[in-house]
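For reference, the structure discussed in these notes is given below.
Think of it as A, B and C in the order they're written, each chain with its own count starting at 1.
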Amino acid sequence: MASLHVKMSTVLYAVEVAGIIAFAFSGFIEARQKNMDAVGVFTVAFVTAFGGGTLRDLLLDRRPLFWVEHQEYLILVFALTLIAIPFSRHLRHAFAEKIINYADALGLGLFSITGASLAADAQMPIFVCVMMGVITGVFGGVLRDIICNEIPLVFKRGELYATCSFIGCWTYLLLEKINLTQSIALLIGIAVTFIMRSLAVRFHLTLPG
Amino acid sequence: MASLHVKMSTVLYAVEVAGIIAFAFSGFIEARQKNMDAVGVFTVAFVTAFGGGTLRDLLLDRRPLFWVEHQEYLILVFALTLIAIPFSRHLRHAFAEKIINYADALGLGLFSITGASLAADAQMPIFVCVMMGVITGVFGGVLRDIICNEIPLVFKRGELYATCSFIGCWTYLLLEKINLTQSIALLIGIAVTFIMRSLAVRFHLTLPG
Amino acid sequence: MASLHVKMSTVLYAVEVAGIIAFAFSGFIEARQKNMDAVGVFTVAFVTAFGGGTLRDLLLDRRPLFWVEHQEYLILVFALTLIAIPFSRHLRHAFAEKIINYADALGLGLFSITGASLAADAQMPIFVCVMMGVITGVFGGVLRDIICNEIPLVFKRGELYATCSFIGCWTYLLLEKINLTQSIALLIGIAVTFIMRSLAVRFHLTLPG
């Protein structure tokens, strides 16, 4: 039992690190496209990577905050920014846009499902868990877009966004309800969100007006 | 005593539900006017209805959050959105504007006074209670307007807005200080805020520059 | 020991009051430039003065919030607004801009270092302390600029801003590490931030692209 618990928290840790990198990367690229300086780029990467999880921790009253508990997360984003700046000088716009979209889709999946999972651990009712998942997944990207003076992806009439997170969270929570191993349920939930969002971008899937 | 306490919390509950519906409705209409899709409309309704109360609960350190404790609030807004979308297709703009104004005025009154009331219950000093009331009342609408890319009503030079909440909160808190029954003080505070805001919109009442 | 503790908290109190006045003032002037009415001006002054510290308290889980514990802070900003409005009617734009810049630089220094200091008191790791300092120092001004519909100073490609706070916080924390008296370390950290930001504005110092 104890070893399973350790394993699960290792899975969650790995998922969180991957989510941070994916979102930091999307923030990094978008800030570069806006021609910001090094501090601006780091700030946007930081806010995108930690915004959703911070709101999740505030709403669930989890302390210390995840990036306070894991100082290495901060150092990671800081180091990534320093390393990536020289490489990003000549990124073409169309290619940058693609990277942002996929990195964002991955971050969306990873953070949505950890958000739903932590809410479920805190015994919240299921509808609340779903909303916590969606908020955690969506909020970092919303902050990134507001800072970069773009209309947030999530509010644009256009390709499915929050919907993917919504369906991914339900998938994960229902799979867990029927007693599937938690780490498998997690991975399926993440995959559903990521694939659905990627398909939505690729084939311009939208909701009916 | 116990029965009085139950009664009071029932009154507060009813007021909170009414405030949620009023604000959700104003968010719903504004998002429809912006031609958002179903998820966008739900998000804006959700944020408008729960933004002020969530900030209040964060600032007062009240957990669980009110919409976590009452999962039915979430389901209510979700159901309202589903029901209302087909009906709203052909709403004329001028009529929609009117509905937004009145629903917003009602939400403003309801949330301002519950905010002030909960702060007073937590033994905060009176000036802080007033600010908590104003913040709770105003914040949901501010988020709605930011998301919909409008300058928030409260910051526009124009008809009295925060002022109505400010005066409503003082009215409520002073009435309670002189030992009026709490539920009556509450209703008077709400009425003062709502009527004052409605008159301000109707007759274009403004502060001197 | 006890007397030293009292002295330190007196120093922090004085620094906090000075920071509130400086930021409230910068908010006040910017709101006047935007031709807001009295309530708008008070709101912007309030948000600028208390935004950074409130986020700091939320992230560090400090309750009561600093402006709830010190009701006099609220009354101070309220009184300042009432007194200052008649005087500000005929402020020339260029002069107002200068005042905003210096008041903002001072507020940045004062809040950055208190943020870092409170995080250090809460035993946070040093990199987290620095980020808390930067967030506390920068956030009030970001809110002010968003409300006034300006691109936040901190995100503009231009004169050093967050960088000054960043270096000031490191200076303070390292001086404290080598056992300099805390109040002297504090004053040096504040001075470094303020002077660096003022020089950056005066001589248009920027980071390399």
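Here is the rule we use: a residue touches a chain if its C-beta (ideal position, glycine included) is under 8 Å from a C-beta of that chain, and two chains touch if they have at least 3 such contacts.
For clarity, every value in this text was computed on a predicted model and none was experimentally measured.
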item: Category of the chain touch graph - line, ring, star, complete, other; value: complete
item: Chain copies touching (chain B, chain C) - same or different residues, decided at half shared; value: different
item: Whole-Å separation of chain centres (CA-atom averages), chain B against chain C; value: 30
item: Residues of chain C touching at least two other chains; value: 58
item: Of all residues in chain C, those that touch chain A in their complex; value: 58-59, 61, 124-125, 127-128, 131, 151-152, 154-155, 157, 160-163, 166, 206-209
item: Sites on chain B touched by chain A in the complex; value: 35-40, 43-44, 46, 54, 58, 63-65, 67-68, 71, 74-75, 78, 147, 149
